[in-house]
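The structures considered in this document are given below.
Below, chain A partners chain B and then partners chain C, in two separate complexes.
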Partner chain A sequence: MAEKVFSINNQLAEIAVIADTLESLSDEWNIPMNITLSLNLVLEELVSNTILYGYDDTDEHKIEIHLSFIDEIVSIQIEDDGREFNPLLVAEVDVDLPIEERKIGGLGIHLVRKIMDEIVYERIDNKNILRLTKNIRRIE
Partner chain B sequence: MNNLEIVLEKLSDELIIKCTGRLDANRAGQLNDYVDRLVREGHYQISLDLTGVEYLSSVGIRTLISQNKNLSAVNGYFRIKAMSENVRQVLNMVGLAEILGQKPGKPKKTQSSGEKNNHFEAHGFNFSLTALSPKNQTELNFFGDPELLKISGYANKDVTQIKSGDNKFGIGLGALGDTFDDCKDRFGEFIQLGKSIAYLPGDGSKKPDYIVGTGQLVASLTALYGFNFTGNFSYLVRFESTDHLNTISVSDLAENLTKITGSTQLAVVMIAESAGLIGASINASPIDGKKIFTFPEIKETVNFTTEPAHNKALTLTVGLFSNMATAENKKYLRPLSPNNPMQAHLHSAVFSYVALKKTDINLAETIDYLFETTELKDILHLANDSREITGLGESRFVQGFCWIAPVD
Partner chain C sequence: MNLTNEKVNNFCVLNIEGRVDTTNYSEFESEVNKLFEAGEKELIFDCSGLNYISSSGLRVFLIAQKKTLSLNGKLYLCNLQPAIKEIFDISGFSTIFKIFETRDKAIGS
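Entry: the complex of A and B
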């Protein structure tokens, strides 16, 4: 069983840490490059959203990230102490609209939904806990 | 790679931006600022080469969408001409790969056959004149007594009611409201722009206020003095720096406008990007004999620009240029600069910057667009600070459009 836990501060510059960590893990766990990029996208979308909109103060906060890879399934857990936010409640964007009518928000969550197989949200002890999984061998 | 590199290539009218690296939440702002700068310099046709971009996040996509919309709105374009597999994969997921890759058709020419175009160059600027309806007559109305400002002598009997309405333009001192009593503590510089009226309350707040008239709602202003005119414009003049670096002063602009139109007195509405404004506004309502232009009160009661203000803002200016002093107009006009026979009175409404169309610009639509989508930041009576050595000189502009109605 492969597992990795790390945390970053609520600074946009810190999201580079995610890409670096994923890159070394994908070598170690032998995950294909295109999947690594998709997972990176998912993590960055969720974490940058928390960093940009999740906090009512300007204090330093930790965002904790658990990654595991068991039986071809990658699991991601993101934990933050920001404002309550359930990304599953964000309205689905209409990707068929012409560009003039496109809303600028909601795209990140849309990408996350497209990439991951399963997403579960919980609010526990004033923390947002989001669990996401993806079977990387499943043929799309 | 954790960086974003941006390299610019120029292909005649089109610019190509080649990006290498990551377009993520941390770096999309870099591309956005870069494109904003190009647009300010007048480049409206921009293609992107994203073959070197290994990573695109939703924040990056947002930049692509918003710049695409901005440039389409001004008849330009912002499109992806080539992209990496990763970028294509992400854009496909949000249904944008094709849309953002499209190059728009040629901008349509809607100039009607009756319009005549003239171009000339002066003061490092290109001027192009479009004759709209040269025979149009515009009536100019003066109202109220400007002299009472010096003694803060305005009272109920001195006011004129101004209503917003299509094609009506004017400036002066006044306040939004229906009666003198209602407005008496707030009189300040106003500018009437068709169905919208904006003013800077002289109540010390320094925050401009405005009403956009729509349907049933008519903006109503109580004016102390000023002038207004109907926008039966005879000419549209576009001015643009020949090299994106020159700026033009109000005096030089006035000289060229009178020259091309061959008129001695012009009512003007101008939409222009500023290169620094010099001017003043009153910060106290001129009633009850209040001391405003006396020292030391003036330090509190009048706002002067202490340096050129609102650089690169978008400005809407209404006013009058005149080479012809008459008993009627002279009270309302001031010399544009020392030893200049040209007299003027201009008020500018200052908005945050947005790109302007280069052709087919519509005055009423642009005014609406500015009030709806950007922030009105200030209203200023443009003045010339001609003090020797310490003087700031005149307001200057980078480019813009002037709608001109001769009133000879």
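Entry: the complex of A and C
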């Protein structure tokens, strides 16, 4: 069983830490590069949302990220102490609309939903806990 | 991220290389705006060196396409890496952009 736990501060520059961490895990866990990029994307969308919109103060906050890879299933857990936010309640964007009607934005959560197989949200002890899984065997 | 542009026939070709993400999409957006301000209406975004994009970068593509339409111009994409093409597909972008396999095909269309 492969596991990696790390945390970042609520600064957008920390997105680079996510990219670096995933890049080294890609080698270590032998995960194909396209999957690594998808997982990087999922983490960036969720974490940047939290950093940009999740806090009522300007204090430093930690966002904890837990990754594991067992039996071809990648699991991600993201834990933050920001405002209650369940991304599963965000309205779906209609990606079939013609260009004239396409709204700017709202794509991030859509990408997360499309890339991951399962997403579970919980609010525990004033924390947002999001668990996401992806079976990587299916798309090789 | 590295951005360079060059003139090829009537087209202004913008080469997008590296990663476009939440930390740098605004540079990408202002570079695209500069091209529009310079009067460019026929654009090609050459994505051969683009190896990562998140929704903030996709947003700039969408803004550029809307702007191009309003100017009656052209915006073609070419050389998308498979992983990037996949992101465009699930974003529904593959139907709202003209995507060519190569730069030559885009120019010759």
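In this section, the second predicted complex is superposed on the first by the 138 of 140 C-alpha atoms of A that agree within 3 Å, B and C clash if a C-alpha of one lies under 4 Å from a C-alpha of the other, contacts with A are read in each partner's own complex, and residues count from 1 in each chain.
The definition used in the following text is that contacts are C-beta pairs under 8 Å (C-beta built on N, C-alpha and C of every residue); 3 or more make two chains touch, one makes a residue touch a chain.
Predicted model, so just to flag it, every value in this text is computed and none were measured.
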Fit-or-clash call for chain B and chain C when the two complexes are aligned on chain A: clash
Chain B versus chain C as contact partner of A:Asp71, first or second or both or neither: neither
Which superposed partner A:Glu60 touches (first chain B, second chain C, both, neither): neither
Which of chain B and chain C A:Leu41 touches, first, second, both or neither: both
Residues of chain A contacting chain B in one complex and chain C in the other: 12-13, 15-16, 19, 34, 37, 40-41, 44-45, 48, 95-96, 98-100, 102, 104, 107-108, 110-111, 114-115
Interfacial residue positions of chain A with respect to chain C in the complex: 12-13, 15-16, 19, 33-34, 37-38, 40-41, 44-45, 48, 95-100, 102, 104-105, 107-108, 110-111, 114-115
Chain B - residues contacting chain A, complex: 2, 22, 24-26, 54-55, 57-59, 61-62, 65-66, 68-69, 72, 86, 89-90, 93-96, 99-100
Parts of chain A lying in touch with chain B, wherever the complex brings them together: 12-13, 15-16, 19, 34, 37, 40-41, 44-45, 48, 51-52, 93, 95-96, 98-100, 102, 104, 107-108, 110-111, 114-115
Residues of chain C that touch chain A when the two form their complex: 19, 21-23, 51-52, 54-56, 58-59, 62-63, 65-66, 69, 82-83, 86-87, 90-92, 95-96
